[in-house]
Structures are given as structure tokens and as C-alpha cells.
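In order of appearance the chains are A, B, C, D, E and F, and numbering begins at 1 in each one.
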Amino acid sequence: MTTAPKGAALFPASFDPVTNGHLDLVRRAQQVFPELVVAVAQNRDKSGTFTIEERLEMLETVIGDVPGVTLTSFDGLVVDYASEIGARAVIRGLRAIADFEYEFEMALMNRHMKPEVETLFLMTGQEYFYVSSSRLKELVSFGADVSEWVPPIVAEYLAKKFGRR
Amino acid sequence: MTTAPKGAALFPASFDPVTNGHLDLVRRAQQVFPELVVAVAQNRDKSGTFTIEERLEMLETVIGDVPGVTLTSFDGLVVDYASEIGARAVIRGLRAIADFEYEFEMALMNRHMKPEVETLFLMTGQEYFYVSSSRLKELVSFGADVSEWVPPIVAEYLAKKFGRR
Amino acid sequence: MTTAPKGAALFPASFDPVTNGHLDLVRRAQQVFPELVVAVAQNRDKSGTFTIEERLEMLETVIGDVPGVTLTSFDGLVVDYASEIGARAVIRGLRAIADFEYEFEMALMNRHMKPEVETLFLMTGQEYFYVSSSRLKELVSFGADVSEWVPPIVAEYLAKKFGRR
Amino acid sequence: MTTAPKGAALFPASFDPVTNGHLDLVRRAQQVFPELVVAVAQNRDKSGTFTIEERLEMLETVIGDVPGVTLTSFDGLVVDYASEIGARAVIRGLRAIADFEYEFEMALMNRHMKPEVETLFLMTGQEYFYVSSSRLKELVSFGADVSEWVPPIVAEYLAKKFGRR
Amino acid sequence: MTTAPKGAALFPASFDPVTNGHLDLVRRAQQVFPELVVAVAQNRDKSGTFTIEERLEMLETVIGDVPGVTLTSFDGLVVDYASEIGARAVIRGLRAIADFEYEFEMALMNRHMKPEVETLFLMTGQEYFYVSSSRLKELVSFGADVSEWVPPIVAEYLAKKFGRR
Amino acid sequence: MTTAPKGAALFPASFDPVTNGHLDLVRRAQQVFPELVVAVAQNRDKSGTFTIEERLEMLETVIGDVPGVTLTSFDGLVVDYASEIGARAVIRGLRAIADFEYEFEMALMNRHMKPEVETLFLMTGQEYFYVSSSRLKELVSFGADVSEWVPPIVAEYLAKKFGRR
């Protein structure tokens, strides 16, 4: 984990675990913002399926070598972290109406707290509209093979966590 | 009207006429993209309330002097124009769910036509959620004073077009 | 048409023509607001299917005798008329999400123009969710019998306007 | 045009013109209902871009030979036509939330008029979510090439209608 | 519980417990698909209010004798079970927009996993729009009488589970 | 806590804790209904962050002295309580689409249970669209200062409950 470059855009998410949908967003965001900080958001109250360290390991394996991408994690509010690293743009992916409403409300509150940080929405590739970390974990718990929606390293972690059935 | 600078973000709209909501978006977009091309989209089939020239005159008066902002107009597809001027990012404002659906579909189609151009969505300031050019024109036609939602030059144009009542 | 009583709630709509869904709303609104002004909104720019006079005639036949209900028509902005008659509450019916968005935006703008007038939303009875004046006219133009969704007087007016087929 | 087989499912639409999205729906519907009546709905009041004959010609070229598919057109209400041909299921495609609301309301009204006819919704293939006849015509009017979203015969008709630019 | 007949449509749900809304859907689905497999979906991770056995008992009492209906339960993915029993159509009920989004995403993922199984959506009768197993259980926990929304046998089970208050 | 006056409107909510958004709704509702019963809804099954007594203490401090406002709490169904105190109108705030769907369904069910009680929806002030008790508690748990969205007494209670960090 290195220091976030000044002026980079911030892409915060739980990444619990990273999916191909996330990777699609990283690729799209980089087309517009060559310097991107991909940051695992720690939620003090929700424990998550994977530890922050595991999530970073998976991300490291998958996008650790991509030029212009910095991997970090943070604890607290997204806007505070954005201010701390000097990011003016926070990137959030949208898949559907349901996402939109939640994201819209969060973005309004974030804007109120830090008017200098702007939230930008990007559409996920349409082949990932139904892909979310939580849904994939649900599918894995039913014994489904989700390897086409996650990188190989994540498939391994999921198999370890949920048992190979 | 000058040449669009390489690498600028493109903000296309009808601007028929420009409202304070549009200006809010320009200001927000510029926080992230210091170089911005504000472009009046010509619709070959719909005639509009103001001519392209009038729309550009109003924009010129209002944001003609803002450093980093280039005013233009274009005819045809947004993505073709974005490619032509080398813009990688197209900025679109979102006010509400209704906007979102239409914009989402357009963005998917645009992405399909030019995968190298990415659409980024920005939320309009919440004090402008109910402000749109068409609604303001409807209000003016009912004799309402809309001067708080448009720049003074636009209030004049609207009064001229719809008659002072 | 009599003078609107001070303090009554205002229920403005096009009533082009009145449907059983409108009547359901009048009945519901009156449970809460015993004095109700039912007002035909004149749209200077859109001509409508029936004249204001015809719309009032139909309403007169149907709810002219209901105690506490005053029938009127107005030209201009809803909030201006509400202020003029001293109404503090404007009643609007909601049938579905689509209504909600439009109504929500209008109510925000109205609130901004006249903060002392509050918009209150009532749900239409669920048996009227799919009933709107425009849809009924569309059905009539296809030769459908819509008599179960409108009062008899309206069925006659529709038959006259669209021809008995 | 042949007689609709008893018990077939009905897929009514404007098909003005047929798109690959429609064809995708036909294919999906046939997986479930081997006998399918594909019917061009005539709208007495809206003239449309192509005549009913042209629409049927395009459909004939594209799916005229598919076993189990019958091509027809009808004038009037969908449910009346469904009753007439003895169809118990009406198939409608859904692309997005916006479709859903309109379709939902129509289906409720149709159900009320003919309780014995059930509306079944199918999702369009996700690669066609942004494809509609009206959007394609809009794109063509801007000079865009839409040949990947329509069958070759439709591309020709569109070129003839809108002129090759 | 008998073997699912080849070619039947599958109606999977939690049925925890069955409501009159479910029964309405069964009746509607049977109009189109005379052979229907009604299957209780077991969720390995969520325990539910009633056991799978209790849910099947209630269903057995209510629709056990309906010709063409087969009752079963299954563990795992809906699409796997659909494939196993040779069902080409999976029936899902829609009550509202909220349902629609979730169902839409699930159907996209299911389609991706088993392209040969198609999801068909049916609208619940509008008198059941606000009826769901979870809402009814919430009402029962508040001491409400829900007997008009469930069959008598379910009212008894609910009374036993939540205590008669 | 005094007896609810006959004919007052009822504004029921969890108030866990009261926010400035709630206070905005109370103020708006009072413009239309000078007599208002503000009632803390007790949820037998969910324990909540603050006790009913604490919630009432905060409300008492903030709106205890407002003429026309009566503070109470109740256990059970909203409509039963409305009937008990003779309220014909139940007031609910709407912030967004998501609220709308849930509220709409609850209102339909409530209407069915007590047709004589009507639910009226009011829009929250737009500066409170993103303010909800649960979101504020989430922010506080992240160490954020939420004092601009709650009255001072509530800020104190939140600080005590979540610890000053």
C-alpha cells in the first residue's frame, strides 16, 4: 500500500470481495481519471465476510500492478478520506434504480459535508448489472459456481470461506 | 466560439434556455474537469423555443468569460461529437429518478457506439431539482416570474419570447 | 359556481373529463377536509378534449349537490389560485410511481413559490390505479365501453365527442 | 397471413419497425409457448412511421418462416383480439422500470376487461435494453448507422424512409 | 409430494406461510400453464418462521387437491431445480416496483446460468398488492387479525406460532 | 403527556431519535392541521437505540411547548391508535421514491383495515431529503458531527449513547 497521489480520483467500496463488476468500473474510471485510488472502506460495525487484509490481498493480486492505481483502505467517512488524500472526485458505480436511490442520498449528504468533493456516477458494464458481492456470496452458499463473475483468486477465497460443496 | 481543447470533458445539453441548474452543473463539473466544453445540441427535428444562436448568446453572456470553459454547438450524435473533439468524458446532470432512466438508457447506447467515451453523472444541486428549461417555459406561459431560476439575460429573452404579462 | 369558502382545501385537476377515480379522491379528501374546492385548471396552451364549460357541467351533475364541495375553474398557477382563495392545503391524488415523480417536482416548485401553501398527497382507491382521463379517452377511441369508470353523464359526453361506434 | 391457432400466446406490438429486441422476445416466448401469434397493433389515431403493410412485410421477411409463429395485425383492443383468437396469454417485453409502469397499468386494465386473459412479462435480452423502435428512428434521423440493432430488411426500409445520409 | 410432471411451469417461493396472494398467483398461472409445480424454496442460511414441513402441510391443505398442481420443496438454486424437473418456465409474481427490481436482477442472473429456463412475470391481483408473508407476520406480532389475507389453516398456524393475543 | 384532542391529525413515527426533518414535518403539518398528535410508535419486536421514554424526553424538550401539539406513544397498529383517538388523518412524510413505495403499501393496508382513516403524505423539506434517524446514527458511529441535523438535546443523547469520539 502506497500513498495516494495528489489529485487522484477515489473509488471507495467494501470489496467484500472484489468482483468483475468492480474491475470493470476501475477500468472505466481510469479511462477518465488516469490516477485512481481504490480504497477498501472499513465498516466499524459490520464485520464483513473477509477481513480488510484479505480484501486488500485479493485486490493486490488482481489490480496491484495496474499503472495509475493505488490500493488503500480507510476507516471513517468517505468524504473525510477524500479530503485527506486531496481527491476532488469520488467514483461510484450504478447498476440499477435501487443503487441510484441509495447513492443519490449518500451523495447529497456527502456534498453537504464536503462541498469541495464531488461524487461522479459511472454505469457498470451491463453484463455486470446483476453482479454484487452479496449476491455472489448468496449464490456460493447455495453451491453455485460463480467463477465467471470473479477473478480466480477470489474464487479460491470464496471456496475456502464457504467450503467446497 | 473557439476550438474545444484536447482532453476536455463535454457537457452537452439543449440549453433552451440555460437555467441556474445548468450553471450549477457547469460549476460542479469544473471542480473535477478544469477544461470543459459546454455544447448546445442541435436537434434536427425539434425546432425548440430559441434558435441555436440565441441559446449561445445567452450562454456567452453568462459563462463566456469563465476560464476553462469553451462554448460550442453541434449537430448529430453526442458520441460522434465527443470523439471529434477528443473528449473522453461526457457529463450529464441528474435531478431525479425520471432523468436517471432516460439517461441510463442513452448512456448504454452511447457506450455501445463509442466504448472509449464514458458518461459521468453528476447530481444537480438540490435547490435545482425541480428546475428544467421546459418547466420554466411552462411557468412563464402561465405568467409566473421565473427570474430566480435563470440568469437575468435569460429572463429578458423569456419575457421577449412569451410576452410580458 | 359559488365563491370558495375561506380555509377550504383545494383539489385542482384538468377533469377532462371527471372519472370515478376523481370522485373517489373527492370523497376521501372530504373525510379529512369537510370544505373542499374542486377546481378545473385551465391550461392556456393545451386545448383539451372538452371545454371548461363542459367539464364544469359534468362535475356539476355529479358532485354539484355534495355539501361542502364548491366547484370552480381557474386560469394560471395553482399556488396563485390557492393563495387567492385562502386555501392552505392543495390535494393531489397519487396512483403510481410515475405520478409521484411529476407531482413531487411540482410540489417542490409550488412550495418554493408559496411556502404557506402545503401540498398533501392522497392515494387513489386501488380499483382506480389504472384509470386516468387520457387512458379512458384512448380506450374510447378504440371503441371500448368505459362506462364502469365514469359517471353516466360523462359516458354520454364521451359518446357524443368520439361518436358511438 | 394465416388464422391464429387456438390456444397460442399473443405477442402484440407496434413493430414500427421490428427490431432485434423484438426478435429476441419472439425467440424467448417460443421457448415457453411453441405456438405464438405475432400481431401488429394498429393505432387508429397515431399514423406511425411505416404502414401496417410495410411492418408486416418486414416481419414476414424476418420471421415468416419460423415454425409455430403466425403473423397478423389487428385493430382495436389487445384483449378483444386475444379473446377473438382464443389466446389465454398475452406476452409483453420489459426492458426497464419505465416500461414496467406503463405495462403494469395496461395489464391491470386489460385484466379488468377480460379476466380470462393473463398478461405475462418477459425480460428483453440485456443487450437490447436500450433498443426501441422510436429510439432507433431518432438515431437514424441523426444519421447514425443502426444496422446492428435491426434485421437487414429493416435497415433498408429505414434508409429508404429517412434517406441515406 | 409427487414427481413433477415433465414440461410443467415452476412457481418457487418461500411460502412462509402461503397467503391468499400466492393462491391468486397459482390460479392465474394455471390459466396459462395447466400443469404447475408449486415448490417451497429452502434457504440453507435463513431459518424462516415455519419449517419446510409446516409450509408444505399448509400448502397441502389449501391446494393439495387442485388438479394439475404438484407440491414439492427444493434446496439450492431455482434454475438448477427447474432444469432438474424439465421446467422451461419459472413463474414469479410482481406486486410493485420494489419487487420488480429484485426480480429483474435475479431473472437476469438465472437466465445467464440457464439460458433455456425463462422467467415469466405475472401481476398479483391488485387486492393483494400489499400482502406479503413478512408483512402479515409483522401485523400478527402487533396483534392484528390477518384472517382475510390467509387461508384458515394458515391463520391457525400463525396463531399457534405467535400466540393468540 | 396529555390526552389526544378529538379530531386532531396523527403523526406517528419511531422518532429514534427525532431529527430536524421530523420537526420540519411537524411544522408543515401544523399549517394544515392546527391540532396534531405526535406519537412515538413502539415496536414490540425491535428494541431501538433509545427507549420510548428517552425518545419522548427529547421530543418534550423540542416541541413540548408548541401550542396544538400533543406528545404520546402507542403500542400496536397505527390505524387502531388513530381510531382510538378519533383521528381521521394520519400524516406521513415522504423523502424519496424508496419511502414512497413502502408508505404506499402500508397506507393501502391501513386503508383496508380502517377505511375511515385516511393517510396523507407530505413532502419533507428538501434540505432534509437525506436525513433519517438511522443514517444519522450510522454517521455518528463513524465519528461524524451531526449537530446540524438534530436539535441540541438529541446531539447530547447521541453523544452519550455512541460515546464521544
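Please note the rule applied: contacts are C-beta pairs under 8 Å (C-beta built on N, C-alpha and C of every residue); 3 or more make two chains touch, one makes a residue touch a chain.
As the structure is a computational prediction, the values presented were derived from the model and not from experiment.
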item	value
Set of chains adjacent to chain A and to chain F	B, E
Touching both chain B and chain F (chains)	A, C
Centroid-based (C-alpha) most distant chain relative to chain E	B
Chain separated most widely from chain C, comparing mean CA positions	A
Chain pair repeating A-F, as identified from E-F, C-E or B-F when over half of the contact pairs by residue number coincide	E-F
Chain A-chain E separation of Cα centroids, rounded to whole Å	35
Averaged-CA centre spacing for the pair chain E and chain B, given as whole angstrom	48
Chain centre separation (chain D, chain E; CA means) in Å	31
Multi-chain contact sites of chain B, meaning residues that touch two or more partners	97, 101, 104, 108, 126, 129
Pairs of chains, among all present, that meet the touch criterion	A-B, A-D, A-E, A-F, B-C, B-D, B-F, C-D, C-E, C-F, D-E, E-F
Residue ranges of chain D touching chain E (in the complex, touch as defined)	9, 28, 31-32, 88-89, 94, 97, 100-101, 104, 107-108, 111, 116, 118-123, 126
Touch list for chain B against partner chain F, complex	97, 126-127, 129
Chain B - residues contacting chain C, complex	96-98, 129-131, 135, 139, 141-144
Residue ranges of chain F touching chain E (in the complex, touch as defined)	44-45, 76-77, 101-102, 104-106, 108-109, 112-113
